[in-house]
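Next up, some structures in structure tokens.
Two complexes, one shared chain (subunit A), two partners (subunit B, subunit C).
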Partner chain A sequence: MKKYLLKRVIYLIIVFFFVSLMMYMIYNLIPSDPALVQMEPLRKTLKPEEWTRQYQELRRQLGLDAPLIVRYARWMGFMRDVDGNFSGLLQGDFGFSTSYKRNVIDIIGVPMQNSIILNLVSTILTLAITIPLGIYCAVHARKAADSALQAFTVVGYSLPTFLIGILFIYIFAVLLGWFPTGGAKTPGSTYTGVMEFIDRMHYMALPIIVLVFTGLAGMTRTVRAAMMDTLTQDYIRTARAKGLKEKVVIYSHAWRNALLPVSTSIMGWMIGVFTGGSLVIENTFALNGTGRLYWAALTSTDYELVLAMQMFYTLISLIGVLLTDISYTLVDPRVRIDK
Partner chain B sequence: MDNKSNNGSAAAKKEFFLFRWIRRLFFPNKELDIYAEEQMQSPFRVVVRNFFSKPTAVVALIVFIIIALFVFIAPHFVTLDLGEQDSTLVFVSPGSNMMKYPSELKENGVADIAVGNNYSVGADKNGKIYVWGKAKLTKVIDLGNIPEEVSSAKIVKVAAGADHALALDDQGTIYAWGSDRLGQTTLPSELKSNNRLHEFGIKEIHAANQFSVVVTDDGRLFTWGNSNLADIDYDAEKYDGHVVSAAVTNFTYVILLDDGTVTMGGFAPKFSEQRVPDDLGSNVKAITGSSSSILALLEDGSLRIWGNSVKGENSIPQFTSPIKKIAGGRYHYTALLENGSVVSWGGTRYNQTSVPENLGEVEDIFVGSFQNYALQKDGEIRTWGLKGFIFGTDGLGRDVFSRLVNGGRMTMTIGALSVVIEMIIGIILGGIAGYFGGVVDMVVMRIAEIVSSMPFIPFAMILSAVMGTRVSVEQRMYIIMVILGILSWPGLCRLVRAQMFAQREMEYVIAAKALGVKESKIIFSHIIPNVMSVCLVSITLAFGTSMLTESSLSYLGFGVPLPTPTWGNMLDNAKNSIVIQNYWWNWVFVGAIFGIACICINLIGDGLRDALDPKANGR
Partner chain C sequence: MKLRSRIMTFALAAVMLAGLCLTGCGGSGFTNVAAEGQVIIGTSTEPSGDWSHAAFGSNNATDSAVLTLTDDCETVVSDQNGDFVINNSVVDKYDRIEESDGNVTYKITIKKDLVFNNGDPITAENFLVWSLFLYSPAGAEMGVTAAGYNMIPGGDKYHSGETNVLAGLRLIDDYTFSMTILKTGYDGNNYLPYYFDLSYAGARATHIKYWFGDGWHVKDDGQGAYLVNDNGTEFTKANIETTFTAARDATSDRITAGPYNLVSYDKASSQIVLESNDNYCGNFEGCKPGIKRLVIVKTEDDTVIDTISTGGIQIYSGIADGSEIKAIYDLMDNGLDSSFCHYDRAGYGYFQFACDFGPTQYTEFRQAVAHLLDRNEFANTFCQGYGSVVHGPYCTAFSMYEDSKKVIAGLDTYEISVDKAVELLEKAGFVYAEDGSDYNGTGIRYKKVTAAEATNYEAFCKNVGSDILMPAMVNWASSDGNSVSDLLVTMLANGDAAKQAGVEIRQNVMTFPELLNYMYRQDMYGLGGDYSVPTYNMFNLATGWNSGAYDMSFEFTTNQEYLDQGYNSTHLYDEQLDKLSMDMVYGVEAGDYKTYLAKWQEFVVRYNELLPQVPLYSNIYYSVYPNTIKDYQEGPFWGYENAILYARYIGD
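Then we have the complex of A and B:
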């Protein structure tokens, strides 16, 4: 078990560096030359050869003349920068945002907080609703309630998130007026303590509802399919035959086995929500989260910020994969023995 | 789910009525028991039969085919003009009632009709006033709410502008209603009914884009309205007493004087239509204006046009008879001839110039915006021009319907082609990995794992942002397809690989090997056709996912860029809460068709999965 996990962690670290190298290379496809930007105004005042010399000097100072792999290593923090210090991602230096004129690390705090609240609350709510619902559907398969829920989930997981977002804004914010249409807090408010929390939640309620709604549909189907598959197994028949209570059969025998395929989809779904889903939701609701920050950075071509955020997303994905592996070993004893 | 009873008898299977005839046409064999079926029917046929026995899947298939045919055929009829936009057609609500005049107006006889932006005002011979078309401009301003004093007066002349309307009664009183944000309805004090002594009659009333022009019987002229937008200065000292007629354009007006010359009314020309040609002479009979040009009818029956001809207003046709009356719309002119026939020319985008073939002898014409009304001698009113937009228009005045149709083609094409790319990569890599196993399998699977562990939407966004900046719209579209294909192949690859593992030990593969068939041929022409049916489910669902992802990307602004429409970037407009609130037609139609298409694809995929699953047959 430990050996298996260690193997996975090492593998993920390798993948992380591979992906980051790839991202760095893509980032370098963008034609930009900070040295040229700085030197361009001097082109007329200096002699051509003097200008070229100074330009090359500046490129050297900025570390632009080094080969790509060296620049990557410096950015990552494997190699000393031109000034002789380590200043890379590994040392906690995420770069400098050109659009905010601040260090990236100082910018991402608040959005990160918002995003984590949004995603955590919606994930917990989704799972709390979806697992009992999926089990109920599987146990009562092909009855009226199940059919109705199936029809509802098809609609739910077919519609794009932003469309559901727009629809919910129209229904709950415009027609009913229960929630604000967007934003993170009441403009100009100076609430503290409990009031601040309530205000925050009031603004975050609709995004959370939309995320839960979209998650609900897909996850209920997954849980239902896995449970139905397990319920046809012979050992379930055996468990029933030997007179176990139906509750024990469903929750102890069937559910634990159904959890295996479900846990994979849960992680996959959570990664999707943390990256893509919240990106769309935060943009629809103008919520100041990581997704919106990433979007804003990309639209304003603030590439150092983009790169840092991209690393953040990659890390989340990879941690998700790792958690899937761990949950596998927890749920399925065979994995522990096999590997 | 499967709706048949579980007793194992295939004869109890209920079939969806619509497709009973299809089955009887193409699959005429009776329901067979399991042994006979295995001998006589290919698995493919069983799958097809299973699929067609599910009503939801069949309905989904039919609906999807209809939508697909619609978006691929309709663009040939509903052409898309990417440069299309018009400030007067912004956020027009759906409907085609712009020229649906009340029948009462026709019965009582028409006294006057005036055409404003997307609505019309009419007065009948009894002095009753009517408003029809898209008169509700905002939640508050509705030109259809005719003030009490106007509806009780005996109206003889009407005028309609962008957001205000004027009416003149038989006592010479002018009424104005509509938006008053820029003083459109605030009459000059001399014209106000209470402090006017009715010492002069009103000859002409004109309402245009937020300003109004009135000509009196004694040759004076009054203007009021938004003087920031339009040049409505009037040199009263110079022209008072000599004005015979006026013609309004979008931003200014010109006047016809009693000596037969035309001049601008203000002090210095700002707009091209104010620069009257020097050689025009002094024999002008009548003038009229379009959005930015002026047309003059001379005494000798010829026409002169000056100003800015946007949509071919200056290509004046030949006339068979002398001209009786000229009138201008936004981008077109219509002329009534002495012999009662009518000729229109200029912009043709909304059929403004398509005069009906069987038009009777015409007594009078009323023209404005994109609409024409012709009053025939027999009292019949004939109309041609823009009736309305069935799905309304968006914030730039573009027809939502044509964008919906063309955007659908774009979205579906991108979805389909990215699935093809995904299939090519997934099947080749999965096939090779599954067939050879070992190191090849290891390498391919690690690559697949890396690709699938990349966060999809953020990664697609950065790729689109980096690669899409230096290319044309079309190239960017292909780039989006490739990005979607490249990022989504691992799922299919895993599926093909797992199937390969099972198939490569089968007898037919061993037989093929023994015969010395090339390995590439074994993989791609022997095994892959056998696993295709299983992949079909995944491919169907992938098509739906690709469409969703493309639209999410477009919605975020990193997909297909504007003005090329896709369903995603059309919904991007609706990110704005004002649009969601007030202009529902901008997102409801595209949302509905997109939602239905996605639901259909998923239902088809589910149906296929059930049809392929031997357990679903109850055995």
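Then we have the complex of A and C:
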């Protein structure tokens, strides 16, 4: 196991550096000049000579005159930066945001916290609903309840997240008035303690409901398919023939075996939710999360911030894959990944 | 009886005068009252939390608004019309002294009772310290983008660190200071005369300890102002950066001197809470806030109407989308207790030509293209009834516009007319068909040009025998996801008028930053394309003015050095237009409105004739506000951050 883990971690590091190189090259292919972006608003404020002097100075400060590979090495922290120090990703310096005019590390903390809360709660809720629902559908396959649930979940599967978001805002916020349309807390509120938590949850509720709703279809169907496949196995028939209770057959024998393919899907789905899913939800509900930050950075060509976010997503994906592999052994003792 | 009557009249007048003084009634018909109530303001721009007065680049719209709301203790401000005015709540005495060498000194005495929000007194040194920081080597080292030192005597030596004394700034006494502006700056530019030179007298009160730490003072030994520390510490990046960054990042308890105090900035919810500052001296008209508490929240375009309808926000400014305006009117009809105020936008959308290559180098051709678009219909469709058309580089909010109605009425409106377009095209020489024969009404027109005229357009030109034929084709750089571009395709590029006239408008879709690269012809770092080569000769954009200071200097420069730096993006090399754009501001003494207006009118007429840009639409902006407040009126140069000061809370 240890040997396997070490091997996987080494692979992970190699992939991480390869992806970082690819990402850096790709984003630098896009015609953009961070120094120009920063100086453009001052074009009419400063006199031409001064503008050019400051522009050139900024390019020098940002190290834009160096060849691409040197800039990459500096960004990663393999080489000394313009100021003579090692200040790259490896040293914990994620770069400088040209749009926020601050270090990236100072910007991403709060949005990351928001996104993690949003996605963690919605993931737990989604799994809490979809696993029993999927099992129920598999056990009652092709019956009326199963068909109805399949039809219902396909709606969530077919509609784009932003549309569901807007629809839910209209129904639950505008028509029923149960939830606010967006934001993260009551404007101007000074709640503390429990009241602050309740207020926060009140604002988080609708985005979480939308995330759960959009996650229902895919995961329910995955669990249903895995369970249906397992329920046709000989050992299930044997278990039933032995006279075991149906609950024991389903939850102890079938579900344990069905979990293996499901766990892979869960991990993939979670990664998707953490990245693409929250981007749409955060934009629709005006939530200050990593998805929205990522979008804002892309539209303002703030590529150091984009790259930092991208590497964050890459890291999540790689760790996710590693955890999936490890989870195999926990779910199915027959799997021995060190062999 | 007569005496009694006189005494009564005098007493009544005295009571009225005292009442006026106590309430601080100003000239704009407001009455200062105790601030009460709360208003929630929606903003589409995410605050960055950086409220450091643009020292490190530009602030976004929300940041600027928060700065105005919290820190507007300035000597010069802009009024409702965007005009620079002396802030009489701050300035006690102002003198503009013309020196014998052509320099100008602005001597300012501030009022003695000014205080910061924490009660600390404001003195003259508080108005000098920010400039001393901006122009210092420490400021430059910290990434400050400022060039004002070029126009201040001794600024070059101070900026380079040769001396720590800035000779052009003087601390005369506790309440008096002066700033001198050079006629010709160290960068070789002429700074005087300048029509808007009152802006040079602008200075903002800055709390020294809050921004730079303990022990700092501004002193003057007769040679100029300088910063000194009680402990002998030098004014360097290492010694001030920690305190400065903490001040810059503070999300509450900021020491400022504006109408409101920053109570909190919650990054997690992008929410800013402000409360009225009891120590505020009033704005330039003496107006103090009537609303106790303001909450600024981030909104999303897709759901903003829902948020307004549920009371999530109460003030939302600058709505240009006709469907949103109509939706809010519907909400009002169905019980939303709000009102609208509206005003003309200080700016317009337009397309501009590159006037130095291809067919757009010919004035008649540019005029012909303008005749191929029904601009009234375009503005009507795009603004959905909430907009209008301008015919030159101005907006209807300018006082110059109001004072030039006759001149503006005489401008060519370039009404849609295929006949007129054809006449102009023929005048420009576009009278040939693709094979060099006379144009017969099918396909696009061509013009016989010289090799020099065809430069940078060779790819589109045809060689027929010894002739070079240039097509009547515009190579248009159009930004993606842009509804103006979409409408231009429908109404101009694919319009019948262009086809009938034998003109092609060829759309090339790209990102907006890339469009700007092509327009400014500036080479980018990295692996981008060669933007310095003229490629596209039409671009669609929009422009706007933040104040009434109409300064188009360098916009039509013919100086190659400036052109290389991206100035004069239209590449219209017209000496008259260049001279007018410069003389309008740098050739007119401050206050000489008559001369300024005359040059402005000449400039607008010349622009309208040469047509480097074709204005398309100018919106009418709507702002919604709750009926729990009154006297709320925004304007083209008067955003919610200014208008809210005059609003009074009346409750439900």
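Note that the second predicted complex is superposed on the first by the 296 of 339 C-alpha atoms of A that agree within 3 Å, B and C clash if a C-alpha of one lies under 4 Å from a C-alpha of the other, contacts with A are read in each partner's own complex, and residues count from 1 in each chain.
We take it that a residue touches a chain if its C-beta (ideal position, glycine included) is under 8 Å from a C-beta of that chain, and two chains touch if they have at least 3 such contacts.
Everything numeric in this text was worked out from a predicted model, so none of it was measured.
In the superposed model, A:Glu49 lies in contact with subunit C only, and not with subunit B. Of the two partner chains placed by superposition, A:Ile124 touches none, neither subunit B nor subunit C. Once the two complexes are overlaid on the shared chain, A:Ala296 sits against subunit C while remaining clear of subunit B. Contact with both subunit B and subunit C is seen for A:Asn283 once the two complexes are overlaid on the shared chain.
Using the contact criterion defined above for the overlaid structures, shared-chain residue A:Val70 touches neither subunit B nor subunit C, since it reaches no partner.
By the document's definition of touching, of the two partners only subunit B reaches A:Ser317; subunit C does not.
In the superposition on chain A, contact of A:Val154 is made with subunit B only, not with subunit C. When the two complexes are overlaid on their common chain A, residue A:Ile171 makes contact with neither subunit B nor subunit C.
When the shared chain is aligned, subunit B and subunit C each come close enough to touch A:Leu29.
In the superposition on chain A, the residues of subunit A touched by subunit B in one structure and by subunit C in the other are 29-30, 162, 166, 169-170, 173-174, 181-182, 283-284, 301.
Across the interface of their complex, subunit B is touched by residues 15, 18-19, 23, 26-27, 29-30, 141-142, 147, 150, 154-155, 157-163, 166-167, 169-170, 173-174, 181-182, 232, 271-272, 275-276, 279-280, 283-284, 294-295, 298-299, 301, 306, 309-310, 313-314, 316-318, 321 of subunit A. Note for the complex: subunit B touches subunit A at residues 1, 449-450, 453-459, 461-463, 465-467, 544, 548, 551-552, 555-558, 568, 571, 574-575, 577, 580-581, 584, 587, 591, 594-595, 598-599, 601-603, 606, 615. Subunit C contributes residues 38, 40, 46, 48, 50, 56-58, 143, 145, 147, 150, 185, 187-189, 266-271, 273, 293, 295, 297-300, 302-303, 306-307, 309-310, 312-313, 513-514, 516-517, 522, 524-529, 531, 551, 554, 561-562, 565-567 to its touches with subunit A in the complex.
Against subunit C, the residues of subunit A that register as touching in their complex are 28-33, 36-44, 46-52, 54, 58-59, 61, 64-65, 68, 99-102, 110, 113-114, 162, 166, 169-170, 173-174, 177, 180-185, 187-188, 203, 283-286, 288, 296, 301.
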